[in-house]
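You will see two complexes here that share chain A, one where it goes with chain B and one where it goes with chain C.
Entry: the complex of A and B
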C-alpha cells in the first residue's frame, strides 16, 4: 500500500513536471515571464498605496507596462476577473513615461533600461510601484527588481518605495532581498 | 448492605456521610471532566485555527511569490507546538507547496486539501485553513495535531481529583465523626435508657432530652410512654395489693372497706364509698365509706346505711352494668351528682359491682378536680370493681357454705340425738312390754270384779275403781313412752276431745315435774287452773294434745327456776276454744321469741332437745289451730293454743256407753308365755261362760290346737301372745290357719298399737289387741271374730 502510494505520487509529479513545460512553450511568453506577470498581479495584495493615489472607492488598480511588453496577453489573462481588496485590476501599456503616471504598478521593461533614470525621475511625486527586471534596477532607484538565478528572486528598494508613499507588506519583505545603499 | 444494617448507628451515619460526600465529589469531578473534555476540544480547535491563521498569514507571501524555502521556514516554526505532528501548505491550485516536518514522507500528507475547517479524526485534530491575502485565496494550510494535550490535561486533572477526593473524604471523615454525634448521641442515649430499663426493670429511669428536634420529640414521647408504663405498673401493683387484701377478707363490709381505703390512699381519690343495690326499692344503700371520706360523707348524707335514690342519672346507667364517668358533675343536673357537687366534688366515676351480670352494688369514686380521671383510671376502677364483686361473691358463698356447714352440724347432732332416742325407745319398748304383761291381769281382774261382783262394798268398789284408773294411767304412761320411738301418725283419726278433762289428766301426769321435783330443791310452783266449765269439745287427737300441753307445762316450770305460779286456762272466744299455759318466769328475749319454734332451738343447754315447742307447733298445725306467744323479759310467758270449734257439735263421747251383749260362748285357746296373764285371761273368759284351754308357749299352743282338731273338739277361736320365745305369735297364727283356715285368731301384744298404726297386721291374724287387754275390748273382738267366722262357715 505504502509502495503503491509512493509510486502514485511520483507518477503525478512527473506528469505535472512534463505537462506544464510544453503547454507554456506553446504560448508566446516564457515561463519566467509568466511568473513575473503573476508576481506583478500579486504585488497588488502586498502593497498599500496612499489614499490620494486611489481616490474613488471602485477605481481599479492599474498595472502598467512601459516599453516592450514581454507578457503578451498573459498578464491580461492573469488579472481578468480578479479583485484585490475589492478593487478590480486593469492592465495598460505605455510608450512614454508621461502617460504612465497614473499607474499603481508600473513594469518598466528591459527595453527602457537606457532611459531608466529619466523615467524614475518622471515618476517622482507619483505613487507608482516601479517594477523591473534590469540587473541594477533596484540599485538605481527602482522599487522591485526581478532577479533571476535558479528561480526568480525579488530585490526591493524600500527607500524608494517609502519616498513614493507606498507601504510594502512585511510579508513581501520576508521573501525579498532588501537593497541597501541603493539610490532612493 | 446487610453488614451495614447490622452495624451500629454511629458507623451507619459515618458510612452514609462518607458515601454521600464521595459520590458528590465523584459526580462533580465527572461533570467537570465532561465539561473540560468538551471545552478543551473546543479550545483545541480554537487554538489550532488561530495557529493556522497565523501560519497561513505568514505563508501568504511565500505562496504568492512561490518561495518554498520561506514556506518551509514558516512551517518549521510549528516546532514550538509539539502537539502539531504534521503541517502542509498547498497552493491555490491544491498542489502541495511545503510540508512539515521534513522527516515525514510526502505520502503522509493529503494529496490535496479537503474542505476548510477542523475536525477530530482518529484521535487527531485535523484542520484545513484557507490562506488569504488581500481578499485573495493564496492556498490552503493543512494542520494535524495529536490529542496528547487532552490526555495530559486529564491525567493531571485525575491526579488532582483523586487528591481532592481523598482529602475531602478525610476531612469529611473527621467532620462526620464530630457531626454524627448530633444524631447518634440522643439515639444511643435512648437505646441505653431502654436497655437499662429492660435490664433492671426500673421504670423510673428517664432519657435526657438533648435536642429540640424530632429526636427530642422522640425522647419526650419515650419518657411519656415510660410515665404511662410506670403509672400502669403502679396501678397493677395497687390492683394486685388490693386484690390480695380483699382475698384475705371473708365478709362484704371489710372487703369494701379495704377497697375504699386503698383507693383513697393510692389512686388517690377525694371521696369514695361502696353501696349495695336494692332493685325493688330502686335505691342504693351505703355500706362502706372510706376513712378519709367520713367527714364529707356526713356532709353529703352518705354515711353507712344511708339511702341514695336512683333516678334517671348516671346511677341508673351504672346499675344496668355500665361504668359511668362524669368529667364534671357541675354540668349534670340530676340529684345525685348535685349532691356530690355540694361537697366540692367535680369528677365522678361509678363502677358496677356485678356477679354473673347481676348488679348487686356500685363503687363510687370522686375527685375535687374536674376531668381528673383518665381512661387508665377508669379502666383500673372497672377492673377493681370486677375483683371486688368477685371477692364479695366469694364472701357470700363462703358465708353460705359456713351456714350450710352449721346446718349440717346441727342436723348431725339432731340425728345423733334421734339415734339416742331410738335406742332409748327400744329399751322403753321392752320395758313397756313387760309392764303391759304385768299389769294385764290387774286390769282384767279389776274390770271383772267391778262387773261381775254386784255385792262389793262401796269401799271395795271405790278401791277397785282407783286401781282401774291407776292401771289405765300406767298403760297411758307406757304408751307415751312408746312415743319416743314411734313415728308420728300421719293420718290423724280425729275424735272429740274434752279439753278440761284432758287438762286434768295432764296436771296429774306432770305432777312430778311441777310439784315433786321443785319441792326437792326447796322451790314452790303453784298450779292454778281457770277452766271454763262450759267448754265445748274439739275434734282432735287426744294423745297429741296431751303431749303438747305436757310440753308447755314443762317449759313453764323450766322458765321458773326460782318458783312462781303456773296458770292453766281454758275459755271460748270468737267461736274458738282457747287453751293457755302462763308462767311467771324469766320470759323470752326477742331472738328467743322469734326462734323458739324452730326445731333444735333450745335455751336449756344440754338438758333440752330443742324439740318440745317444735312438736307443739307441729301438733297445732295438724289440728288446724293457731299458736300465740306473749312474753316479757322478767315477767313471764303465755303460750296460747287456739282451736276451732267443729261445725256439727258431736254428742259427748260418754253417751256411747251402752250395755254390751256378751259374745256367744265358745271354746277358746289362749297361748301366752306369761302364766300370770294366762291365768287372768282364763278366769275372766271362763267367767263369761267360755271353755278356755291354755298353752304356755307357741309350740304347746299349736300342739293343743291340732290335738283338739283331731279329737273333733275344735277351738272356736285362738288368742295368742305375739312376743314369745322360739315360736312367736306369727308362727302360731300361721300354723293355726294352716290347720283350720276359718278359725279366727286374735293377737295380743305389747306392740299392738304400733302394729295397727303401721298397717302391719301380720298374715293369718284377724285382730290385734294391745296389752293390757281391757275386758270390754276383748269381748267386742270375740263377738266380731266369731260372728265373722260363723258367717263365712258354710251351712
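Entry: the complex of A and C
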C-alpha cells in the first residue's frame, strides 16, 4: 500500500509539475451542498412529527448539523424568514450527538460517518429525521440519504422513519428510492 | 461527482439552452423556491462540465445506465449496446460483432468512434473496433452514452456516424468488495471481483479482475465453427480530489485472451494494457480546463493471417469559459502518436509493415444563447492534420429550440470525414505477388454532410417520446477499382462510390408504475451507394454496408413481489439484403432475485426463440448464434 501511495504521489507530481496548490478556503458551498441545503428546508414540509415531540406551538423547527458543516451560512439564508405550518425554522450546529437530541431534522455530516452507528443508536427514542450523505447511510438505518450521481437522489429508509414515529409525505416517497432491510 | 473528460466534451457537443437552474442555485432566496422534483433534476456533477438534461440535448443521444445494464443481464459491452435502439448490433460469431449507427455497418464498423473512460479504442489500421478485447467489469460501468449521427466537431475524425462513450464509476462509487460468478451453456463460466478502498483522505481506489470462457458458434452450412475462447482482464482506478476544484484520476487495465480458430494455424492471442491520467480543474462555476494523457498497447497475433503490435500515445487539453452573458466557448487541442508494427504473412500484408503516424487536432465551439432558455445556436469546428490526407475541417451547426419545458425541436448540419486507414492505403492481398488487391496510394478521406432534425416531448413525467431523422450525403466512399483495366487483377482501393442514406430513430419510454417500465425503439435506415462516373466498382456498396433496413425492440422491466425482478427483451431485425441474411425475431429474459443490497442471483436466457439463428455474414462463412442460458450470483460486502 505504501508503495502504491508513493507511486501515486510521484505520478501526480510528474503530471502536474509544481502546479498542485493546497486547498483554498471555500467562500460559498458547492452547488451540490447548496442543493442539499434546499432539500433540508423542503423536508420540513414533507414530514410530520409526533405531536408530543414538538414543544410549544410557536417553537421553531430545528434543523441540526452534526459534525463538519458543509453549508456555511447558506442553509441559514435558505430558511431565513420561512415558516412551515406556522413555525419558524432555525439552524443549529452540534459537535456531539448528545447535544443534538432536540432537533426535528438532523443532518449528519460525512465527517461523522465513522461514528454513524453510535450516533443513530443515541438518537433512538427521539423523533429527529436523520439525513446524511454517507454511501450506506440509509442502509445503516439513517432515514434520508443524499445519493449523488450527476443529480442528487433520495434514498429513504421508511422503516427507520416509522420507528421514530415520523410520517413521510407520499409526495416525497414518490420521488425517492425506498431502502428496505435496514436495521435502525 | 466524477465525470470523465470525454463525457464533458460530449455534454458540450449536445448544445443546449443554459439550464435555468444553474443560476438559480447560487442564491438562497431563489433555490428555496424549487420543488423537490426540481431539486432532483439539477445537475450537480462538476459544475463546469454542465452535463445537460437528456431531454435538452440537440442530438440523437441515448443513455444506457448502470441499472439498465444490470437489468439486461448483459455480460459484455456489445450486449449492453443492444440497449441503445439507435445502434445496429449484429453478432457475427462467438466473439465478433458488427456495430454501427446510421448504416455502413461492417465487422469493424469504420464510421463509429468508441471511447472508454476518455481512451479511444479504435484500431487505426482497420479504422474500427475489435470488440473481443473491449471489456471491463460490467458492474463498474456508470453509463454509456450513444450518439447516432456525426460527432466530429468535438470528437474528431472517425466520429462520422456516431459516438459510443463508455464511462465507468469513480473509485469513490465502487468501495467495498464485489464478487461475482456463474456459468451456463454458451457462456461456460465467468468470475469477477473488485475491491475498493481509500489510500488517504480524499484518495479512493479500486482494483478488479475478471475472466470468462465462451462456447463456439455454429456454421450456417453445418458443423462447428472452432472459435471458442477465453479471456481475462484486470485493472485499477485511483481518484484523488485534493480540493474541490481539482480531480485527479489514474487508471489502467490489462487483458489477455485466446481465441480458437479453425484450420491448423493455431489460436489467436490478443493482449493489451493501458494507463491513463487525467486532471480536471475548475476555475469558476462556468469555466474549467482538463488535461489528459494516456498510453495504450495492443497486440494481436492471428497465426496464418497477421500479427500487429500497436502503441498509442495521446495528450488532450480542453478549456471552457464564458464570453459575456450569451456565449459559452470551449476549445481544445490534442496530439496522438500511433506506433504500429505488423508481421506479414503470405495471406495478407501491409507495406510498409512498420509505421509511426501523428495526428494533430484542435477544436473550438461557441454556444450562443439567441433567446435565453429558448433558442440556442452552437457553432463549432474541428481541425485535424493526419499523415495521410493532411488537413481536415469538420464544422457543424446545431440549433435547439425549446418550445416548452417539456418539448424541444432540434436540427443540425455537420460535415464529417473518415480519414484513410492502413487498410485503405497499404494493404496487399495476398501478401506476396502476384497481388489480387493492392492499397490505394491516393485513397482520400470519405466525406459526409449530414442533415438532422429531431423532436422530443415528455407529455407526462412518466412518458418520454423522441424522434430523430437524418439525411446523409456521402461522397468519396471507399471502392475497389480495377487497377489496370481491362485486367481483372490487381484491384486497388479508391474513392469511387457516392450516395446517400436517410432514416429515422423513434424511441418511447413509459414508466407505467415505479416498478414497471416499458421501452420501445424503432429504427429505419435506407442507404444507397452507387459508383461515381469512371469507377469500376459496381458492388453498390455491398462491401461497405451490411445494414438491416428496419429494427424494432421492446423491453420491459417489472419488479415482482418478494424482491424478484423480471426483464424480457424482444427484438425484430429485418433482413440484410446484400448478404441475404434472413430477418429474425429474438428474445432475452432475465429473472433476478435481489433479497438485499448485498446479494443478487439471476438466471438469464439469451436468444431464446431459436435453437440457432444468423445475424450477419455471407452464407459461405456465416455463423449462427445459439440459444444460451446462464446463472449468475453477485455478492457485495
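Remarks
Going forward, the second predicted complex is superposed on the first by the 157 of 184 C-alpha atoms of A that agree within 3 Å, B and C clash if a C-alpha of one lies under 4 Å from a C-alpha of the other, contacts with A are read in each partner's own complex, and residues count from 1 in each chain.
To be clear about the criterion, contacts are C-beta pairs under 8 Å (C-beta built on N, C-alpha and C of every residue); 3 or more make two chains touch, one makes a residue touch a chain.
All values derive from a computational prediction rather than experimental measurement.
Within the superposed three-chain model, A:59 lies out of touch with both chain B and chain C [touch as defined at top].
Ranked by how many residues of chain A each touches, chain B and chain C are led by C.
In the superposition on chain A, contact of A:122 is made with neither chain B nor chain C. Judged by the touch definition given at the top, the superposed model places A:171 against both chain B and chain C.
In the superposition on chain A, A:135 makes contact with chain C only, not with chain B.
When both complexes are overlaid on chain A, the residue A:44 reaches chain B alone and has no touch with chain C. Once the two complexes are laid over each other on the shared chain, residue contacts for A:86 go to chain B alone; chain C is not touched. The residues of chain A shared by its contacts with chain B and with chain C are 5, 12, 16, 35, 39, 42, 46, 82, 151, 154, 171-172, 174-175. Note for the complex: chain A touches chain C at residues 1, 4-5, 8, 11-12, 15-16, 20-24, 26, 30-32, 34-35, 37-39, 41-42, 46, 74, 77-80, 82, 135, 139, 148-154, 171-172, 174-175, 179, 181.
Taken together, the chain A residues at the contact with chain B in this complex read 2, 5-6, 9, 12, 16, 35, 39, 42, 44-46, 82-86, 151, 154, 169, 171-172, 174-176. Note for the complex: chain B touches chain A at residues 57-58, 60-62, 64-67, 70, 95, 105-107, 111, 133-136.
Of all residues in chain C, only 1, 3, 25-26, 28-29, 31-32, 34-37, 39-45, 47, 51, 142, 173, 175, 199-200, 203, 205, 238, 240, 242-246, 248, 250, 277, 279, 285, 291, 293, 514, 595-597 touch chain A in the complex they form.
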